[in-house]
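Which chain is which? They are A, B and C, in the order written, and residues in each are numbered from 1.
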Amino acid sequence: MNWPVLAVGAALLGRAAGGAEAGEVDLTIVNVVTPQDVKIWEPTSITAKKGDRVTLRLINKHADEHGYEIAAFGVKEVVAGDKTATVTFTADKAGVFPIKCQLHPAHVVGQLTVLE
Amino acid sequence: MNWPVLAVGAALLGRAAGGAEAGEVDLTIVNVVTPQDVKIWEPTSITAKKGDRVTLRLINKHADEHGYEIAAFGVKEVVAGDKTATVTFTADKAGVFPIKCQLHPAHVVGQLTVLE
Amino acid sequence: MNWPVLAVGAALLGRAAGGAEAGEVDLTIVNVVTPQDVKIWEPTSITAKKGDRVTLRLINKHADEHGYEIAAFGVKEVVAGDKTATVTFTADKAGVFPIKCQLHPAHVVGQLTVLE
């Protein structure tokens, strides 16, 4: 009897039951500017499950360049004004991790949550 | 001794201790338009616990109709311009599920996270 | 052999491996106003782990005073127009808890999720 193999099988079954999107997070994140001149990457926060492949399409709707950093996963992108960039990484550790704009501390972002 | 009954009792106790909101998620979600003409349903993302009854009051602050879809739970609403619609469903499976506007792919929404 | 001590050690190791931010959530939340006159605290939602110390710097970019309430944790702040306030609390129970503006029910906020 090979218990580890059984355990992996059960885990895969559990993920499949959770929905077709298990294993992959694919989001478009848009940088907007409010009438108060506050810059925000929307949606501000992201959730993934441990092991998920995360793809983020970052659309900058402002004329200036802006940053997008998830330090815990080595993401540190600069998106030029009115341009789009795509980042991908594997969410290989669970936890709650800050997302920031490394160029402007006042830029509003949020958190990446990776569930066990 | 009936262990399953004890376990269920403990689970209910745990939920009750977690706050009066256990078992129910009730949110107002507003569709706004930024000066860059980006449409966003705010808040973009929602969290529930498995088994929670979820009620979303969708307020469309734009003159055009907009969609709100959580495919994994059969939610697919169209909200007319300047109108409000309410959707309810039971979050009966855990996972991270996309929320989209089925009418406009560029419309910014986010994710529904259902915790075990 | 002292198993509980080993278990605690493993748990601490797990948190440390999860990133320097384990144990602490530190966020800036900005109140913005959309062209449709919708007020939103951004980011709308927050995630913490049970036991985390949460610090929220609330920046009100509107001329009027606004509230920020997480009733489950005794947070009930009023931030004067164009001012900043800071609240701190310990996320000592797991669950999904509403965040509201206690002064204006239409003000858009979201949820505090505290993971086990």
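Basically, contacts are C-beta pairs under 8 Å (C-beta built on N, C-alpha and C of every residue); 3 or more make two chains touch, one makes a residue touch a chain.
In this text the structure is predicted, and so the values were computed from the model without any measurement.
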Proportion of interface numbers common to subunit A and subunit B (over half same, under half different): different
Fitting subunit A to subunit C on CA atoms, where both chains share a sequence, rotation angle to nearest 5 degrees: 120
Inter-chain centre distance, subunit A versus subunit B - centres from mean C-alpha coordinates, in Å: 19
Set of subunit A residues in contact with two or more other chains: 34-35, 44-45, 47, 113, 115
Complex interface listing, subunit B residues touching subunit A: 34-36, 38, 40, 44-45, 47, 72, 93-98, 106, 108-111, 113, 115
Contacting residues of subunit A [partner subunit B, same complex]: 17-19, 21-22, 25-28, 30, 32-35, 42-49, 52, 61-62, 113, 115
